[in-house]
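Just below sit the structures, each encoded as structure tokens.
Each of the next two complexes has chain A plus one more chain, namely chain B in the first and chain C in the second.
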Partner chain A sequence: MKFSKWQWIIPLVIVVFLFALPTFMHSTRYISLFNQLYLNIVLAMGVYSVWTVGYINAAQPVFYGLGAYTAAILMIKAGWSFWLALPIAGIVPAVIALLFGFVGLKLKGAYFLFLTIALCDLIIWIFISWKGLFNGQIGFYPIPQPVLHIFGYKVNFESSLTPYYFLTLILAIITCLVYFKINGSRLGRVWDSVGKNEDLLANTGISVFTQKQISLSLSCFFAGLAGAIYAPYMKVVSPSGFSLWQGIWIVLGVLVGGIFSPIGAIIGTVFMSILYLLLQHYSQAQPLILGLILVLVLLFMPTGLVGLPVRIRNKIKDITGNKAVQTDEKKVI
Partner chain B sequence: MALIIQTLVNAISLSLIYILFSSGLTLIMGIFDVCNFAYGDFLMVAGFVTYFMVTKWGLPYILAPFAAMLLVSILGIVFEKGIYYPMRKRGGLEPALATFGASSLLETGALLLFGGMPKGVRPLITGNIHLGTTFLSLSRIPVIVGGLLLMFLLFMFVQRTRFGLAIRALQQDQEAASLQGMNISNTRIIVWVIACCLTAAAGVLLAPIAYVDPFMGSGLLLKGFAVVIMGGLGSIPGAMIGGVALGLVDSFGMTYLGTASYMFAFGFIMVVLILRPQGILGKR
Partner chain C sequence: MALLETNKLTKRFSGLAAVTDLDISVNKGQILGLIGPNGAGKTTTFNLLSGVLIPTSGKVIYKGKDVTGYKPYVLARMGMVRTFQLATVFQDLSVLDNMRVALHYRSKIGFLQTLFEPPAVTRKHETKVLDHARKLLAMAGLDRFSDQKAGSLPGGYQKLMSIIIAMAVEPELLLLDEPVRGLDAEEIAVLIHLVKSIRDERGTSVIMVEHNMKVVMDHCEYVVVINFGKKIAEGTPAQIAGDKRVIEAYLGSE
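Showing the complex of A and B:
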């Protein structure tokens, strides 16, 4: 994706606005909502990028959980500082994803989806059963807070959520920048072609399997980082914090936003967060509504929210008799 | 020794359920090349039909399979017309996601309508046989007899009739089959009806020996996928071998290892996939 001369202003304004937000938004409830949103965006970007190589990873929350557990174990059992544990918490899920990929990524897309669903159950089961390392159902509580001094001032991680707001926001921005950069680079085009026509790409001498591995591991690396921030932010890490349904929410967000661009992943995640707020009190009916949205979006809105304007424009032109613009998914934005 | 015999009988009846369930799944997945995540819920619907007919309304158990097959076949045709046919040109991933959505619709629908409490169905034959210290439950007999009978019928249908030939042709190449003058959309519906009848039968047979609840299918679905992937996509003999293997691993694992058997089954699939990514009887 290339920005024209003025287009970079819009994201910049949004980012500046988001950085300034805590100065006039003091409600803890809203801050925690935003924190969760940023963490979800990190996960969604990963799901999006794996989707471009033709796979849906519904186990993203479990890799996120692995990151959280790694950070918690390193901080509590080994007494490491948060900043030292953070990169390790990214690397551990990435390595596990690499091992999983050796089997899973040889399968076709839908079977991979099935395998990630099974993996989700399996890893949560390991969290519960391996009491020596993961502490069973109880998990870890309390998680030590990170210590950070900026210009001699100690940042207050203990009693305020605002430092976490900035931490999650910075992580989300870094993730988005990395993925936007990849999307515009040669690597992004390679990944895109892996998803579109694997065999053709393999004939040009590119190792398709390696590309898939890189994509999956990178996404799980970021998920692990998000998990590492989640651990001290929630102060508790337990198996009940991570579930398959969380993964379905994220996959659905990417789908609703539009699977043809990383912006779709962001918009979709924001949309799903709003939906989540609306559905908060109807937790029993949630899967029903999610399932309905999933089927309807797939059948009637295949390009997602991002592709909607072009589709509507084409529909109008169809009705008025003008020739429709050729819809190229990549040129939607 | 007694425990081994009991577990073996359990393994046989479980294997037959797995085989019935996954032969239908492998048929659908082999022909349409799409994962069906709602397939387990077809079984759940059949289970609820059995529960309502036998426990609630007091009708004879023999009627339940026919009602379940009819209802589940209608459901399958709705899937074909609503999801599979409109999305047939969009690769395998998106229809699979749509069936996932449909699955959560069906499950939550059942949960809201009938509640999450597990419901029992009275078996056709009750009582136990005592062989020394071994207790064998007679409720397994209908499962074993019905399962073997249906497998025989399926085998004869696929191998010996014109419809079976059409299905096998469709599995190889849809376009070439259509060029030979085959009516593709009718054959697709026949495939759906067969697969739905198989899963309905599995549901009706499973209901008395297990419980009926909205999530009974989704647990079985993962195992069904495992069998299909293990046995090779679209291969019914492969599904039989995979079903027996998973039934044995599952029953013996559950008896001797407890909940760790879940991981054991998962590890088993992983090993098969590493050694033979196309499945035991699959072709590349």
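Showing the complex of A and C:
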């Protein structure tokens, strides 16, 4: 491709712009919207990646919750610093996902989805009932704030949202980099095939089950990291913060964006965030409208927002009669 | 010693005996044909050998080791690789990407390396894999289609590709499930030439399930005939062609 050398320019401009955003956007309302968006993008990237290996995970919010609880418990009960708790908050959900995978990933697609729905309620129920560890309905409040010194200055996590803006943005960027790297690598092609042609893949010596386990655990690792940031950011971790409903928003976002590219997960999440703002005050209408979107996307946009330009171009070509050039492959053997 | 041996291999599906007391043995570098009328249990036998099904009783012995019940990917790593009748290639990937996926295991680049390797090293590895991929494709004359979607190739090419994909795993035993089904005479000649050149160059053994009698009689060195899950005859093609039980199985007795 002609422009491939310059392809990194556009993402770089976007990233620089996002880093500069808080200097001229002071409204805490907008900052908090962006923080939530970045955390959701981290969850959505994971859901997208597991989707490529053939599974829809609606339980992503509870892995996020497990990360938040892990961080809260380590910081409050064990007195750890946030920076020490952060990696553990990623590893705990990843290990739980690994154990869950031993059962769940043996199932076929739709059954896995049902199981994640059950898992979602199960874990939230554990949060509520295991009072000794998770503190029941009340959860944890207040969560200690991270302490960070940069060049001798103390970063003000206590009374400003901006440090969290950078923290969530950096996590979102790292997550995206990891998933784009995988997607662009040979491993990405392998994962694409996991969902579609397992028998043939196994016959090339690849353990399909292991690949699925890696994909699920990695997605839950990032979800846990996002949860660990969420905990001090919200200052409270309680069972009501995590629900299946959130998971459905994320899954739908990935679908709307397009399940054929990691960019779709980002675009879809942005779309759903805007939609969420619009529907904020009409919570009763939300299920109706989400259902409508699901039907419309499946009917008219199976390739999602990302695939839309190509589909429109093809439609226009159909109408104007410009047939796509078809290579007439001659059989030679 | 035989490369692969089965010992009283038996598979019952809830009482229905699909394969009974089957003994097969393949030597290194041999091309063995497995034939029989429809429903004789050929595909079941294949699935038992390649680990897709677990036998009810009996053993599969590969390179002197009891591999009964091993998973397909483990067997593939040990060098026993099969092809499929229908799912021959990764339809949605380009021809070259098909080979990259097929070479993934042998390249020994795992998940962590994919993430943490510096790009320069990745590029070096990738160039190696691509070179290997192109070499394999060239063996089947498929290198000129590198950038095409594998699913859009004509059926004959897809069958050739399925063999090349198997070759990427560096098999010692190749199990071909109806490799020439649906191909015309010219395509069959190309495919058989490929299989034979693989065997001659690398000493790979081949077991093929095939309905095409001409292919079996002309190119297999040893033939096993099964009917109703039991071996009814075995020998060289010439011996088989004259065997009364075989003729009976195919044409019925008087």
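Assume the second predicted complex is superposed on the first by the 320 of 333 C-alpha atoms of A that agree within 3 Å, B and C clash if a C-alpha of one lies under 4 Å from a C-alpha of the other, contacts with A are read in each partner's own complex, and residues count from 1 in each chain.
Everything below uses one rule, namely that contacts are C-beta pairs under 8 Å (C-beta built on N, C-alpha and C of every residue); 3 or more make two chains touch, one makes a residue touch a chain.
Note that this is a predicted model, so its numbers are computed, not measured.
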| item | value |
| --- | --- |
| If touched residues of chain A are counted for chain B and for chain C, the larger one | B |
| Partner chain(s) touched by A:L107 [first = chain B, second = chain C, both, neither] | first |
| Touching partner for A:I214 - first (chain B), second (chain C), both, neither | second |
| A:A78 touches, of chain B and chain C: first, second, both or neither? | neither |
| First (chain B), second (chain C), both or neither touched by A:G54 | first |
| Which of chain B and chain C A:P302 touches, first, second, both or neither | first |
| Which superposed partner A:I293 touches (first chain B, second chain C, both, neither) | first |
| Partner chain in contact with A:N197 - chain B first, chain C second, else both or neither | second |
| Chain B versus chain C as contact partner of A:R186, first or second or both or neither | second |
| Residues on chain A lying within both footprints (that of chain B and that of chain C) | none |
| List of chain B residues in touch with chain A within their complex | 34-35, 37, 82-83, 86-87, 90-98, 100-105, 107-109, 111-112, 222, 225-226, 229, 259-260, 262-263, 266, 269-270, 273-274, 277 |
| Residues on chain C engaged by chain A in the complex (per definition of touch) | 50, 52, 71-73, 76-77, 81-84, 87-93, 97, 100-107, 109, 111, 114-115, 122, 126, 129, 141, 152-154, 156-157, 160, 165-166, 168-169, 186-187, 190 |
| Touching residues on chain A, where the partner in the complex is chain C | 178, 181-182, 185-187, 189-190, 192-193, 196-197, 199-208, 214, 329, 331-333 |
| Residues of chain A defined as touching chain B within the complex | 54, 56, 102-103, 106-111, 113-114, 117-118, 121-122, 125-126, 129, 248, 251, 255, 284-288, 290-295, 298-299, 302 |
